[in-house]
Amino acid sequence: MKITIINTGGTFNKKYNLIKGALDVREDASSLEKIFSWTHNVDFEVKNILALDSLEINNKHRDIIIKNIQDSNNKNIIVIHGTDTMNETATYLDERIKDKNIVITGAMIPMSIDTTEAVMNFASAYGFLNAKIDEGIYIALHGVVCSHDKIYKDKKIGKFLVK
Amino acid sequence: MKITIINTGGTFNKKYNLIKGALDVREDASSLEKIFSWTHNVDFEVKNILALDSLEINNKHRDIIIKNIQDSNNKNIIVIHGTDTMNETATYLDERIKDKNIVITGAMIPMSIDTTEAVMNFASAYGFLNAKIDEGIYIALHGVVCSHDKIYKDKKIGKFLVK
Amino acid sequence: MKITIINTGGTFNKKYNLIKGALDVREDASSLEKIFSWTHNVDFEVKNILALDSLEINNKHRDIIIKNIQDSNNKNIIVIHGTDTMNETATYLDERIKDKNIVITGAMIPMSIDTTEAVMNFASAYGFLNAKIDEGIYIALHGVVCSHDKIYKDKKIGKFLVK
Amino acid sequence: MKITIINTGGTFNKKYNLIKGALDVREDASSLEKIFSWTHNVDFEVKNILALDSLEINNKHRDIIIKNIQDSNNKNIIVIHGTDTMNETATYLDERIKDKNIVITGAMIPMSIDTTEAVMNFASAYGFLNAKIDEGIYIALHGVVCSHDKIYKDKKIGKFLVK
């Protein structure tokens, strides 16, 4: 199976920077390396296009995401994205891309701090792509993979909830 | 979404026993607790029916697995099973159950030692169940969720490979 | 052996707060719980007196640290403290306390992110206190336990170095 | 500071072997690599002389340990050793080596499974060596560094206890 990963940064990719004494978004996909060591049956294409907290993502960035998705030969796409504006990006993509299977995922806690949540979200995304699904924009978070408009982030409790 | 987990043990659930100085299969599903803390959108029913290394699993055990699957009201089933005889169990189930969506998964390394692999395999299973799939017996391992007869364990290199 | 732990916060105790999307200093000593589960031979008294980044620590805070050390019946003291002003606090204590064995320690990376560094620094502190040492103020960091004026933090590379 | 590490194997060094489906003692000191990445102030000499479960260690092996200690130019020695016969080895060494500072340590749970316990024991050993201590044979385990005849392993509960 071929999957293109569009990596835009977000909490998923944050790592501790001991010089700054804070977490920052890494520009590489080093958080994915442990996952890739176990996905030898998948042909991943990785595009590290942005390294942003999702609060910084605007429509110019979303156009870059779209261009990279359209430029890819692969039908199956996983977008790694910060959680705060994940739904906005999903809606923006939904209005502009009709012929791809796109699952957007991310994490509430950096994979470098909580392996379980980040890996769960990412792996549920590719598990879903293994089925025969309709083209569209999906979100994979907290146990669910569903159409992007069926799930939202409850910022008070820090969880994604199905509507 | 409702999913029944049939837990038969296997490497997935092994934990270090410091009195014995060796790994043993825990009879509970404690390895799943970290996963459950992030799957608040899923209604899991957990049946810890066996705590066996899969080399010990015979057809009597498989009949117990089948009875528990048939007794469940849920259509979606995840079976956690040791890797060595996972394919034999899948074939046995395939001949006897026709009306359920069953994904068998497990791990090459205990979740207590390598969080990434075990969580990946489990989460890809429920990600797959989120799609509209045909009834059948599937295996979720190493990046893939597919019909059980399309994947096998290469015991020399310790990896599941797609045929 | 009896040891009083004076916990002032610092990076050692930082944990990820998923609502804020950032690390914060926990007011409890929850980072020490994993250590305590293995130190059943030590009678630890824990005083969580501050929960500060060490850049915020001033002489008023240092006077609180001193009061708590002097109020303790124990001779052996471990102070957990942020790394940026650890040496200033050590000098301040050295001028005011003469009759205790005090080891100051901390971490460059939160224990919740890198177990190895934080545990190393803390355990080297109590290992040192197991020897017959002269009263004084010591720092335990990055492989060394020595008089506080023999070691400093190189902020450019994020390491403590022996002079 | 210069410290020679005599690595004889033991649980400390065990890692999961996914082909065998069991833990084995690695012949290298790879478990120490994470520790070494934070001990840049220490000049460690590492001798990987044995890779044995301590139940297999006999006096021939102990003579090899002694020869390696005597051949080292360093006064400060850490011996990594399985816990079951740690006290026997300590007694054997005590009768034959009088001019070195030797701390024997190990772990009840492999460092690859529980980072905290193994790192604690090892770091308390070098913390102790940073003090001016009398020559002798010490054991560093579970919060304590003391003369080897003051501590023993309670095999029923899996803990080292001070007498």
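As written, the chain order gives the labels A, B, C and D, with residue 1 at the start of each chain.
To be clear about the criterion, contacts are C-beta pairs under 8 Å (C-beta built on N, C-alpha and C of every residue); 3 or more make two chains touch, one makes a residue touch a chain.
In this text the structure is predicted, and so the values were computed from the model without any measurement.
S.K.: Name, by label, each chain that touches both members of the pair chain B and chain D.
M.R.: For chain B paired with chain D, there are no chains in contact with each.
S.K.: Please name the chain that ends up farthest from chain D once chain centres are defined by their CA atoms averaged.
M.R.: For chain D, the chain whose C-alpha mean is farthest off is A.
S.K.: When chain A touches chain B, do the two copies use mostly the same residue numbers, with over half shared, or different ones?
M.R.: same
S.K.: Taking each chain's centre as the mean of its CA atoms, how far is chain B from chain C in angstrom?
M.R.: The computed centroid separation for chain B versus chain C comes out at 44 Å.
S.K.: What whole-Å value do you get for the distance between chain A and chain B if each is reduced to the mean of its CA atoms?
M.R.: Here the centre of chain B sits 26 Å away from the centre of chain A.
S.K.: Give, as an integer number of Å, the spacing between the C-alpha centres of chain C and chain A.
M.R.: 39
S.K.: For chain A, which residues are shared contacts with two or more other chains?
M.R.: Within chain A, no residue touches at least two other chains.
S.K.: Any two chains that touch count here, so list every such pair.
M.R.: Chain pairs that touch: A-B, A-C, B-D, C-D.
S.K.: For chain D, which residues count as touching chain B in their complex?
M.R.: 11, 16, 18-19, 21-23, 53, 84, 108-110, 112-114, 155-158
S.K.: Can you check the complex and tell me which residues of chain C touch chain D?
M.R.: Chain C residues touching chain D: 1, 34-35, 37-42, 115-117, 119-128, 130-133, 140, 142-146, 151, 159-162.
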